[in-house]
Amino acid sequence: MPGGTGDGAEILADLRSRLASSPFHSGLGLVVEDAAAGSVTIAIDVGPEQLNLQGLVHGGLLATVADTAMGLAVRTQVEPGRRHVTIQLGVQYVRAGGPGTIRARGRTIKVGSQVAHAEADVDGEDGRLLARAQGTYSVTAERPA
Amino acid sequence: MPGGTGDGAEILADLRSRLASSPFHSGLGLVVEDAAAGSVTIAIDVGPEQLNLQGLVHGGLLATVADTAMGLAVRTQVEPGRRHVTIQLGVQYVRAGGPGTIRARGRTIKVGSQVAHAEADVDGEDGRLLARAQGTYSVTAERPA
Amino acid sequence: MPGGTGDGAEILADLRSRLASSPFHSGLGLVVEDAAAGSVTIAIDVGPEQLNLQGLVHGGLLATVADTAMGLAVRTQVEPGRRHVTIQLGVQYVRAGGPGTIRARGRTIKVGSQVAHAEADVDGEDGRLLARAQGTYSVTAERPA
Amino acid sequence: MPGGTGDGAEILADLRSRLASSPFHSGLGLVVEDAAAGSVTIAIDVGPEQLNLQGLVHGGLLATVADTAMGLAVRTQVEPGRRHVTIQLGVQYVRAGGPGTIRARGRTIKVGSQVAHAEADVDGEDGRLLARAQGTYSVTAERPA
């Protein structure tokens, strides 16, 4: 995948393999639905056990889903041999969400050699916007295994 | 607890009861360690199943712990009959964290009749700072049950 | 302008009058170029005296332009008799900007009775994105004069 | 100043010289009051011409002062031959400010070889907190002149 600009099917397979290897993400049940260079959609089915005291989706879960979608979108565009880490995350909570499928679409704004910026929309079961997020990432050389 | 300024033991009992009633928080294993008016410390033991692909604590988990500590700190100071919801969350990721006990100390900056601001430090097992967070909350009348 | 949903020309005239009455904004030379319900574009000509040591536009100026565009966009949709104040501002700096016309397009994400969220793009002279911004606003009753 | 850890007087002189060379900062009348490694206090006298329509200090000015104080604090700790640029700025607006002296204290949270995090308090004439800010910076090699 030279320059991180492989075709959609290749990107999708790569990201799914990454999520499956992450205990945190697979434990949450996050699924990559769609992926292209610079844009990734993930989904999670939120059940009663993931709701807070008021029966609503916790903001931390929305932040997690947003950061994951943005990070994967950045992943599709960082150069081979380089990695990214989140250094700042901002989330605007627009509406309260209930149980059902939560979907986050992450998009890159700019992926440079040292810094990347991305944003995400997080929608609830009915397709209404629950949260907007912005992520800033540091891009560095891959650490030797 | 008039004006949300009860003594520490009363506050601690109230917050522990709230977390215990929240499936999301009790499922994560979040524990309230300390609480006073405007300041709350919570902890979580992060095991291998909560780590990401690189064996690190996911930023979404740090965001969750930070937002919870800040929200509980705000909770201690909102007036009776009023409630708060997170409307904006910002997190600066300072260091990567590994498995072990993660601890977040939330503090209110100002709790008004309509808006509250808070901040949190999130430390890793060794006491080093992993993340700084800022939360902005809307304070509204309690909804009738 | 019932419900803040007047036509474009009326909105534009109202916002221009507001900016003209603000010493801070008129001193900067900010101009409202376009306005509709929920969307406002403003521009500023940045001269040498507004550049920093490296000959670049200071991030604080981009933050100012973004917050102004978002605040005016919110203004077009708050109900009569209510006002808004910025309670949180986030800015992602994507590219350095030089002298010339800086243009910010603010859009509302949601304007509620107590809270509003908005976002803005800030472009440089050549139309390239310099910054993305997110604003969170508290909406309250107008204070009696 | 090896490693950016010179003594206070040397740091103060260096930062004052930098601000004086920046048309933007000297035009605003920003003054460096105090500086040590990782901590810088700046002040600005806000007159009627810098107030908005409601007679209040514009949030963009508070953002500017906060970003400047944080950036200078980072400056004191970046290694020789390296420079920093703001890549994300977050501001929580806590209280409205009027005319008079505005003072911002910037502190570094961590300054690494590629990324730096800082925070700032902005106080009004009466010493009350007007805003809290968080800045994230990219640290890169100095560009050849």
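A, B, C and D are the chain letters, set down in written order, and residue numbers restart from 1 in every chain.
Everything that follows uses one rule, which is that a contact is a pair of C-beta atoms (placed from the backbone, for glycine too) under 8 Å apart; a residue touches a chain by one contact, two chains touch by 3 or more.
Remember, it's a predicted structure, so these values are computed and weren't measured experimentally.
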{"item": "Between the pairs A-D and A-B, the one where more C-beta pairs touch", "value": "A-B"}
{"item": "Matching chain pair for B-D (criterion: over half of the contact pairs shared, by residue number), options C-D, A-C or B-C", "value": "A-C"}
{"item": "Centre distance in Å when subunit A and subunit C are each reduced to the mean of their C-alpha atoms", "value": "29"}
{"item": "Centre-of-Cα separation between subunit D and subunit A, whole angstrom", "value": "32"}
{"item": "Whole-Å gap between the CA centroids of subunit A and subunit B", "value": "23"}
{"item": "Per-residue multi-chain contacts in subunit B, two or more chains", "value": "87-88, 90, 92, 117, 134, 136"}
{"item": "Residue numbers on subunit C that touch subunit D, as the complex places them", "value": "18, 21-25, 27, 48-53, 58-61, 63-65, 67-68, 85-93, 96"}
{"item": "Interface residues, subunit A side, partner subunit D - complex", "value": "87-88, 90, 114-115, 117, 136, 138, 140"}
{"item": "Residues of subunit B defined as touching subunit D within the complex", "value": "90, 92, 94-95, 109-110, 117, 119, 129, 132, 134, 136"}
